[in-house]
Amino acid sequence: MLTVNRLDQQDARLLIEGARQKADEIGVPMCIAIVDESGNLVAFERMDGGKITSVTIAQDKAFTAAAARKATHEYNEKCVPGSLVFGIHTAMGGRLCVVGGGLPVSVEGEVVGGIGLSSGTPDQDMVCAQAGIDHFLTIRG
Amino acid sequence: MLTVNRLDQQDARLLIEGARQKADEIGVPMCIAIVDESGNLVAFERMDGGKITSVTIAQDKAFTAAAARKATHEYNEKCVPGSLVFGIHTAMGGRLCVVGGGLPVSVEGEVVGGIGLSSGTPDQDMVCAQAGIDHFLTIRG
Amino acid sequence: MLTVNRLDQQDARLLIEGARQKADEIGVPMCIAIVDESGNLVAFERMDGGKITSVTIAQDKAFTAAAARKATHEYNEKCVPGSLVFGIHTAMGGRLCVVGGGLPVSVEGEVVGGIGLSSGTPDQDMVCAQAGIDHFLTIRG
Amino acid sequence: MLTVNRLDQQDARLLIEGARQKADEIGVPMCIAIVDESGNLVAFERMDGGKITSVTIAQDKAFTAAAARKATHEYNEKCVPGSLVFGIHTAMGGRLCVVGGGLPVSVEGEVVGGIGLSSGTPDQDMVCAQAGIDHFLTIRG
């Protein structure tokens, strides 16, 4: 039997809170998705003004980051024609997302979930995703 | 009427065994999928620690290799913008996988199945897929 | 943070072994799928002679049983026209399976995974799925 | 290693020929699909006037009959609310078809493929599918 740790609802709220604060600060309403370590959705918030396409994309970013234990921008870097990783962006019907903005959430070296942001530029999405994680880890202590 | 040969369950276990041994050796827990010559799943193992995204990707690699009778890394090489092969990675809803790590399994020049590995880098996946085939062919004699 | 228990590869093998023994006993080659508590595949075996359609159906039964923490035949009972449960069999593109043959696997009252059998009648599938669980629990002690 | 027999292109043409003759006789232009024993398409003909929806349905009927080694109308009989088989009609995204008109094609007791007809009533589809098989077996001798 394996024993694994995963985000609970309270953790998910902290992650969203941190991401939302940063999104407010930069003035870009976002879709924010939190998944557990298996990639299943725990919480989701579409800030007023968040994009409709981002409802799906934020979830796919969070899923990818948690389920593959890798940031989506890291896949993006390697997913260039001629690289053996190229093509992974169409896996799972395109659910495996290589657009920047999905980060695994780790506690004590173990991936316990994922966060995905979408509606801004990938750089904005990444900054907000990281802000969510920073807030979560700070409050958790 | 056509007569074709295909992997049976015992063959599939040998393929998995060889791949798993190599995965253990390089310290990367993998998802390992074996399909028959028509691309249908015969056996699957997610080693403890294998990635969730790899559950699908390993199967798609094995499917592609067997059903197209071509290693996924060979498709990858040609699947670059400007090549007429480009775009094949989105076929079948992305199930046709061009990420390295899927190999056809041949016996006496005939493709009898496919093996797909996922969770490491493509190079690691390819090495373990080949190790599965080597083990299978050695034991078979 | 939540802490959850889930089947590992060794557990999955025991479940498959018990199910396969019963399938051999009744003379019906089966597809056998084992998933973890989140519904993700851990191990799969298509016995020689198992049906191609059962490759998917066995996995979907196991997924449903684990992810909904309910036997597929229990959904089946309630999934009749006029019942408010009716229609659940089309959820998730039909992946939510209400055909008998999928059972949650529980240890000390906690669902730690699921087993799905397909290729026989639902009754045969259910008997083999239960045999897998019995074998697993007996060996585990 | 397993050795299996499957329809070749010549066999497929005989099956289509027999089905088409019957469709002409009853005055209903049909879609006719022939798959191999693994459920993969070998030949397809949309008679002038065949329905567009039937392009998919004929293929799904043939697939189901071959891959599950069972006539689609036999599934239909059992796929009634309250039966443990109910719900199987949504499996594989609905590709598992329980509408009458799909028959496995057997030679010497072994399923070597499937035939699926669509565009008429299920009874008409079934009659034409059977006519295809009769023609095939007669010519084969």
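The letters A, B, C and D name the chains in turn, as written, and every chain counts its residues from 1.
Just so we're on the same page, a residue touches a chain if its C-beta (ideal position, glycine included) is under 8 Å from a C-beta of that chain, and two chains touch if they have at least 3 such contacts.
Here the structure is a predicted model, which means the values were calculated and not measured.
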Remotest chain, subunit D as reference, centres from CA atoms: A
Centre-to-centre distance between subunit D and subunit A (centres being mean Cα positions), rounded to whole Å: 45
Length of the line joining the C-alpha centres of subunit C and subunit D, rounded to whole Å: 29
Between subunit B and subunit D, centroid-to-centroid distance (C-alpha), Å: 31
Residue numbers of subunit D (touch at least two other chains): 2, 38-39
Contact graph of the chains (line, ring, star, complete, other): other
Residue ranges of subunit B touching subunit A (in the complex, touch as defined): 48, 51-54, 56-57, 60, 73, 75-77, 79-81, 86, 89-90, 93-94, 97-100, 121-123, 126
Subunit C-facing residues of subunit A, complex: 1-8, 11, 36, 38-40, 107, 112
Touching residues (chain side subunit B, partner subunit C) in the complex: 8-9, 38, 40-48, 52, 55
Of all residues in subunit A, those that touch subunit B in their complex: 2, 38-39, 64, 66-69, 81-82, 84-88, 90-94, 96
